[in-house]
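Chain lettering (A, B and C) follows the sequence in which the chains are written, and residue indices restart at 1 in each chain.
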Amino acid sequence: MDTINTWGMWLRHLLEVAATMAFTLSGVMVAARSRLDAVGVYAVAFLAAFGGGTLRDLLLDQRPFFWVRHVEYLWGVLALATAAMLFMRQRHFEPTERIMQLPDALGLGLFAAVGVDVASSAGMPALVAVLMGVVTPVFGGVLRDIVCNEIPTAFRDHRPYALCAFIGGWVYLGLAGLSTPEWLALSATVTITAGLRILALWRDWQLPLWRVEH
Amino acid sequence: MDTINTWGMWLRHLLEVAATMAFTLSGVMVAARSRLDAVGVYAVAFLAAFGGGTLRDLLLDQRPFFWVRHVEYLWGVLALATAAMLFMRQRHFEPTERIMQLPDALGLGLFAAVGVDVASSAGMPALVAVLMGVVTPVFGGVLRDIVCNEIPTAFRDHRPYALCAFIGGWVYLGLAGLSTPEWLALSATVTITAGLRILALWRDWQLPLWRVEH
Amino acid sequence: MDTINTWGMWLRHLLEVAATMAFTLSGVMVAARSRLDAVGVYAVAFLAAFGGGTLRDLLLDQRPFFWVRHVEYLWGVLALATAAMLFMRQRHFEPTERIMQLPDALGLGLFAAVGVDVASSAGMPALVAVLMGVVTPVFGGVLRDIVCNEIPTAFRDHRPYALCAFIGGWVYLGLAGLSTPEWLALSATVTITAGLRILALWRDWQLPLWRVEH
């Protein structure tokens, strides 16, 4: 059991780092496309990496923030954005985006599970907890796009992203309600959310279209 | 007196529901015009409905939020946005907007009164309380428009909207200063604010224009 | 020593007023360019003047906000924006912007120093404190530009602005670490940050360009 916990902690930490890197790089690339300067690239990278979790903690009144408890993540984002500006070129953007889809999907799952867990521990009703599980992984990208003066990708992409986190959140609450051990509920949520997202990308699933014109 | 209070509670509840529906539908329609997907429609509907009150409570450090205490409103917005996507078509937008002007004006009055009341109960100075009364009904629409990548209607429409809430806020503080019973101050503020808004729409009042070019 | 403190307080107060005026006028002018109505001009003026400090205090969970403790600043911004709408014309914009560069640079220095001081007094780690010193003077302008549907100037101007505050923040922490008296650390930070900004404008320094296309 202890072994599982230790391994679980390591795995979670690894996922967290990989997902934060994916979110950071998404910020760096959107900023570059919008022709921001170096300061703008750093700012958007920070927003993309920490915006969602910070908004959740602000709404739940939870302190200290993740990036205050773990300043090393702030330094990491700073270093990664610097490295990207030194070594990345336009031709690397598309392959990077493709490779980042996996850690991004895993981050979607992990941050959804963490978000719903934090919110329901704070005594939030089920729907609020699930929505916090959606806000955590999704709103970093939303803030990133707003600053770059674009309509958020998460709101116009038609490929399920937030929806996977929404479903994953209910799975987590369901498992927690059955007194499933936390590591198991967490793993199941990450697997289901990330799996749905990967399936959605692979099978090119689309959200139901609202045919407003007819 | 008890009868008045009970009736007052019912009336207030009714106004709250009607105004929240008007704000939700405004979010749904702006999102549809900006061609958001279903997730975007829900997100903008939530922002339009709860954004202003949430920002006020965040600034005043008041918890729990309205939508945490009354999760049924979250479910209601979810249901209304779903119904709108199932049954609304482009041709319904203009008539809906016209019909919604009344509950929207009443919501402007109600949320202005609630906002200034919450803020002055929290010990805020008069001007801050009045500004919170403006933020509560107005900033949901502001966030809705920012996410849809538009300049907020409330800031470029030239028809008085926030201004009515500003005037209503001072009326509320004036009446409260005269120790008017709360239900009377509330009703007067709603009537005056909503009345001003309806008059402004009906008589086509315009904010004074800043002739910056001359 | 008492004399220095009294003079220091007066100087700081003077800088605060001058910088708030510069931030307000920047909001007024950006709003006018985006053709906002009078309500929009006031809203953007408030955001430009108080947005950065408010975001900092929200993140640090510090209450009451500056503009609650000093409502006279709210009235001042209201009056200044009104005066600008009554008397300013397009042809005054460029000279105003040029004249405002000095109080704006001083405000950058002052608010950076205040921001890093507030954050490190709240027990934040060094990098977080420095970033709060950047957020304080910079995010008012960022919010101003987002509401006006523009990519924030601070993120695409290529002329160092936030960077001066970043450097000034480390200077402040360095001096504070050496137990320098507060008024001295504050003055040095303001001088260095504002000096760097003025030098950057005068010598037309540019942030290193990320040649992403090559």
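As a convention for this text, contacts are C-beta pairs under 8 Å (C-beta built on N, C-alpha and C of every residue); 3 or more make two chains touch, one makes a residue touch a chain.
Since this is a predicted model, take the numbers as computed values, not measurements.
Although chain A and chain B carry the same sequence, what matters here is overlap: shared residue numbers make up under half of all numbers found at their interface. Relative orientation of chain A with respect to chain C corresponds to a rotation of 120°, obtained by superposing CA atoms and rounded to a multiple of 5. In whole angstrom, the spacing between the mean C-alpha positions of chain A and chain B is 31. Residue positions of chain C touching 2 or more other chains: 58, 146, 149. Taken together, the chain A residues at the contact with chain C in this complex read 31-32, 34-41, 43-44, 54, 58, 63, 65, 67-68, 71, 74-75, 85, 88-90, 146-149. On the side of chain A, the complex with chain B involves touching residues 58-59, 61, 124-125, 127-128, 131, 142, 146, 149-152, 154-158, 160-163, 207-210, 212-214.
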